[in-house]
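After this come two complexes, each holding chain A, first together with chain B and then together with chain C.
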Partner chain A sequence: MSVLPFPSFLDDVKEKGLKKAVFELVDESVERLTAGMNVQDIREALRGEPASRKPNPRLQPHADGFWLHMRPGYFHSDMTGLYPTFRLGWLSTYLVFFETITGILLMVWYTPSPEVAYSDMLNILGNVPMGQLVRDLHRLGAEAMVLIVALHMVRTFFTGSYKKPRQFTWFTGLILLAITGFLSFSGYLLPWDQLALWAVTIGASMIEATPPQIVGDNLNLLIRGGPEIAANGLLRFYLLHVLLLPALLFVFTGVHYYKVIVHGHSLPPRKENIGEDTAKRVPLDKRVYFIPDVLTSEIMWLGVTTLILVVLCIWFYDAPLEHHADPQVTPLGTTAPWYFLWIQGALKLGDKVFWGIIFPGLILGLLAVWPYLDVTVSRRYADRRFAITFFLSIISFVTILSYMGLAEFGVRTSPDVEIFHEMTFPPAHNHVGKLLPVPYEQLVAGVYSTRQTSASPEDAEAAIGAFNAEIEQQMVPDPLVAGSTITLEERVKRDLEVQHLPLPSGLTFRTVPSDAPELLQQLQYFGDRLLAANNELYNAWGAIIISQNQDNLKRIDLVISWDEVKVENGEPVVGADGKPVLVLDVNGNPMRRVSTAHVFVHKDAAYFSH
Partner chain B sequence: MFERMLVGRIENRVTVGVLAFVGMMVLLGWAAINEGGRMQAFTKMEEARSIEQGAALFSINCSRCHGTDGRGLAGFGPGLNSPQFFGYDFFPEITKQINDLSAEKVGLNAEKSLSATTPERKTAIDARLVEIDTQIAELATQRNGQITAAVDNGYDPQRPIRLNNLGWVGTQEALIVTTLIHGRPTSINYWPNGAMPAWSQTAGGPLRMDQIQDLARYVQNWNKGDAWTLDDLFAVKQFAKEPVDGAPLMALIEQLQASGGVIPEPVGTDITAVIEQVASVTGDPVRGDQLYHNQVQSQLGQALACNGCHQQDVNGTGPMTKGTFFRVQNERVNDPLLKDYTPEHYLLESILMPGNYLVPGFQNAMLPNFGERITLQDLADLIAYIKTMDTP
Partner chain C sequence: MATASVTKAKPDGLAKAGQSIQVCAPSRREFLYYIWGASIALILGQASAGLIWFALPRFKEGEFGGTFSFAGDAIPPAGEPPVNIPSGRFWLSNITDEGFVALYGVCTHLGCLPKWVETNSRFECPCHGSKYELNGKWIEGPAPRSLDRFKTKLTFDDGSTAETNENGDPIPLNGKKILNVAINTGARLKRNGQV
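Now for the complex of A and B:
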């Protein structure tokens, strides 16, 4: 007899033997945990066999369990293929949880303060085991989530699933899309690098444009926490990112999915008669039960998606981390995150208020009320030519605007600055300045000129010799003393000294050594770029000057010298002979311009891995 | 179609799902195994890029005073790319020997000043002290001869370690970082072209802490460890200066003010020379009186207070003041020991070398350092005053 007032496990062991007693205990526990299915039921379900006992135990978890009570017990068989859902809704939901988990892991190592945020990132990348992978997964997952949620909306539009009675479901979905975008955007700032600061500065400046001015100014102040994004702004974005927006996301996900269940999943348009909604009336022979078919499918997609993310993050993708945020230094070619590029592109069309606020507001507003405007009954593609055309137009327009948002489009800097940038910019978006990946040992100290690359290899020595003589003799206006002239060599040396480059051996050009082919290649590229910009950088030559700064550190100075040309409205003026019109000094000589830039390269900086 | 073939059947879905999970676990395990190496590589790369950033910052902000090569600029800033800055001693043996000898010297001097020390021992100590000084001079000459250029440039080979010279007990990195943070606020006192300013935003400068860190890494990247060469030492254009104790400087300024701008020099103890010099100086008995009674200081800023021992009307530790000159004229110079002495000669020698002649009945209690504490003028004033004591 048991000492307890009810039969205990030990009594069972005595009565039935250990093995049987343990098996029964496990069986009973599993049945309780699954709210209705024992081990045998699960085994049968996974084997694809029909249930062996009645009532059907596979419906029991839907009736009794918490997690499955919100899932339907069966689906229409026309709904369970890849078409029409493409599993986009499920994947969106999964990514919410994926982002939450990876995000919590990152929170453990992160402090939202400009003093330490960036060093926290370096710590995550260099000192926390698997830290880089988790960060990559979080970032890539976020980008994937924006994409998948957007595709989910596109799919819903094309299949006409927003139509009555699902108008409100569509509306909540649009809110979820916006929240997803803002979640991703608010996370952008947290690494506190240059990419973060400037992408968010651009984004926040759109908020500033909100009319009337008093609203825009105060909204801007509210989100930035000050005139500039600093400690307060970072903390606000952090709290938005980890608290407010996720809370809203969870609430609206709940509403959205509740509406999906209430109205049922809409069938492919051709499977229903026009005007009918049979989602909730699934004939017996069309039923596909959640357990096991849909459940295995969902778990499979979850596994495959995660595997793809892991593979991408291990071999192909690294979340970007640029230099420490610096409000004093605006990087060239700053862009908003890709999913907001369309707004940045629109801003280039003109008025900040209209294109930055009203236009995106119109598009989102129109999409939000679209189900209430489009009250046609048929969901079939052939009957919805206008709606589909309209939607494709929006997609095309947004795509074109996104392209226009790229740094390449519309924004121009002076060509010498652009070329310097191309040659030396620090790693950003998995690109890096052309010179940085040149192997360290090929950065041979010396003074090199693009004149070498415009001559054939045999004539290179002679060309450089002639060039040395040329810059020693060519007299150019002295920018410091009006009316007097100095040699071009003196002029360049002086400019380099202003940049604190000591030139102990003077400015004697030489050819690139034969064991530095990659340096030669970049010199060639440099020369080609100058040639391409000949209209603005007329008669230009470029120089690469490499010096040893420390034992394991080299300094690369770039020089461009050209004849200044007249520029009107940002375009060089071209004369009747097809040549650009030069700016001349009082003596009628071309104004020779010199521009320099420099960068340092450490032996272990490993830029080649990008 | 792909879907129907591959995942239309439940067993295929289960297989694909299981494979995906297993594959993921294998990948994560593989990543975990490589994680140590990856983290090391990242840290190495990150440090390298930090040094690059530091180089750019140094070029813009620091090279103007510390030189583009970090070797310093004469009068502007000390070399950081310098064996002294990183504490490399080229002659550790000699440094140690000289330090040992100096320590011995300190011990001997202490022993000599003890009253228990016998005169014989004192003589032996004096001999050893002379020997030590010779040895130190020999060692220093032998060493300094090899690095004349650096010594001429202000390098002190006996104090080769910057951190020790500063009394810094933290790490070198900490010294660099803190110096960058707040600069050297008082260095305007010993650098002719201005003080090092604060560089961190914390202390009102322009740089963020991560930039300070980049700079510190760049500066430390000059460290050659044990591979420094004498050429590196000779290449240094400016060695570090150390802040000096301000008190002696202030005293010197006060002396200058007291002497009306003439740099006062101690009169010294070369009696023959002093007799000659003092003949051309007019003594002021009033100031002599004030000096004697500690109402003014000597031109070297010293309080003399002769009246502490030489009381006015009674003999104390020393003979009384009253009648001093009378006694000198009538008694002292008649002593056969003081043959050929003039009264002035006797007086000044008694002040400067008080142990040379003792008035009968008195101990040798007067300090022998007045030659270092007074100037020629002070001496003349004192003598002029004493000459007024010419009645018994």
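Now for the complex of A and C:
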């Protein structure tokens, strides 16, 4: 007789007692949820005991469940150690997932419009709890993903795992590499800062160079959404980054992994007879079952990777955010991220069509069809000297090009501009201009000169006093009235007034107060740099002028003044005595030059200083 | 309707053992499939073309294609540093013995904006180091050609006018005083290489 008008759980309770009925219900639910393993099976697996019933319940979730249907039920024990895979394929997959999650989290607070994108970034970094952490994780994860994916490719090449029958798997892997690169490129624009805008402008111009002309021009327009990158462009890049490219990535990851499973993981080269592909037939004594050994190992790898990423982001890594994108000013030092430096270096070699499009295309194309070219049968390292040498030389070449792609290599400008840049550039790749991290309270309003630091500390006051007198007496040509002269102090004052820094009482230098040691330290650095550039900035002095611009906002002006040196092709002309040849005016006196720059620092800016 | 397939058997084809492929004319069903397939391919092709048309940005060529007008005194004296007009993306350059030219400020390499560096007396692009002279001529660097320029019309004090030639060379001033400058940012002239 049923307790209720229909059969139910209560009947079991009546029959077996509450405790037993509940346990059996739980046990059955667990077996359904796991698609085949009940509580005892799970406990046996966790204890490392062999399965106590047949068929092996640990294989049932693979047969019946969706989540494990493509994962192998068991692996070859030669494959489950660190060598030969280093788990790079698993890590690559995890990083795809990681980036998707952190990306979606960022999407909660980001809108792809030039009007709000940058302030959304500031909001995420400053206002959203853990916003900075999520953003840094996403950025660091992207770099990690490119690195891991590249290492995965390197590993697969060295172990010859691309050979028959796995050629197509390798090919889909190259497609995934390209998609990863495009994902990185499209995401780069989204913060809408100077680095984003100009790095992507350069990339889009490279796409414009695709031959033939009509293809390149139209691709460029399609991607920019207009003649230059603005609202339409940002939206298109955003859609590429969050919709189209992830969709392609998921599809091709599916294809790639399916092929891996269909052929089986290739064994270490030494463990196979040459020409035999024994990966699919795993002898009983070599089986390592997925549940629980490989599963727990994979989870451990996830944990360690996440730990490393989080530790790096909290204590060591800060994703850059430069100034708001300005389509009218290209900043010094726009660099590609490190994995694109090789293209940037290649571009410095010459024609952009060849070095920007054809050359990278050739390299990737060659890699993609390599398994169809290399049809030798042996995977042993000793038998593959040519292939390994070839690959190592590609890696070397790309590394050298990457060095050439660095901002420090090759693109020099005049030394005053370079020194200003060094002192004031906004955060980029873990570096920032020297003056920005000085604590706000130590930016004491005043006018300071490098003459202080070139004298010894006891003579500092005297040196500054002498300097004040010097600039009041030194006469330079008046830029407004031909033929007449003004004092150097007046000249500098006028240049600063043009930059909207009023100095009603003129320029009176003083020593840096004793409670601003970091400011003094940067003043010293400034002076040292000027000394090092003496060949081009002859007899130079520098000034740092700090003023309160608004509540909570300080303005730092930098001045460099020097005697003009003869310059040919961007290099100073050096005379027979080893000293630079000065440019002299009609009276035979050196021409005094003045150059200024300025930057604003907010009280809450909190620039990092490592 | 019963499909009666018309089989034109090749006389020798059936006789030889092991010959498997027999060529025959398509049945009506097969033929219709081919026609459907071709129509679908055509539709897909039209859809792709339509898609590209859809996605191409709608804009006016280059900058807003309009003409910028200045009074003559906006032009710097000969040999002096050029004047930047950011809204039009061009520089006003007056070169001694050569004349006036309005240079398009975008580097011909990859789209960055070169700056005029006074110390070195030349334009220097901060991205990959392309350098140009005051008249836009290429000096060094990966840029494929000298700076582009805009068609300009000068009106002088004495009423005469002068226009940029089709090579984009600077307009000689011949000592005359300029009354008005009109720069057409819709008409961009590219130089024929690094000249």
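By our rule, the second predicted complex is superposed on the first by the 582 of 610 C-alpha atoms of A that agree within 3 Å, B and C clash if a C-alpha of one lies under 4 Å from a C-alpha of the other, contacts with A are read in each partner's own complex, and residues count from 1 in each chain.
One rule holds for everything that comes next: a contact is a pair of C-beta atoms (placed from the backbone, for glycine too) under 8 Å apart; a residue touches a chain by one contact, two chains touch by 3 or more.
This one's a predicted model, so the numbers in the text were calculated from it and none came from an experiment.
Contacts of A:369 after superposition: neither chain B nor chain C is touched.
By the touch criterion defined above, A:330 lies against chain C but remains apart from chain B after alignment on the C-alpha atoms of chain A. Residue contacts after overlaying the shared chain place A:605 against chain B, while chain C stays out of touching range.
In the superposed pair of complexes, A:39 makes contact with neither chain B nor chain C. Of the two partner chains, chain B is the only one touched by A:552; chain C is not.
By the touch criterion defined above, A:475 lies against neither chain B nor chain C after alignment on the C-alpha atoms of chain A.
Overlaid on A, the two complexes show chain B and chain C touching no common residue of chain A. Across the complex, chain C is touched by residues 198, 201-202, 204-206, 218, 221-222, 224-227, 232, 328-334, 344, 347-352, 355-356, 410-417, 536, 567, 569-570, 593, 595 of chain A. By the touch rule above, chain A contacts chain B in their complex via residues 46-48, 81-82, 115, 118-119, 122, 125-127, 129-130, 132-133, 292-293, 296-297, 299-300, 302-304, 306-307, 310-311, 314, 323-324, 326, 426, 499-502, 549-553, 555, 598-606.
Contact residues of chain B toward chain A in the complex are 3-4, 7, 9-11, 13-14, 16-18, 20-21, 23-24, 27-28, 31-32, 35-36, 38-39, 41-49, 51-53, 55-56, 59-60, 63-64, 68-69, 208-211, 218, 221-222, 224.
Those residues of chain C that touch chain A in the shared complex are 52, 55-57, 59, 61-63, 86, 89, 109-115, 117-122, 124-129, 131, 139, 142, 144.
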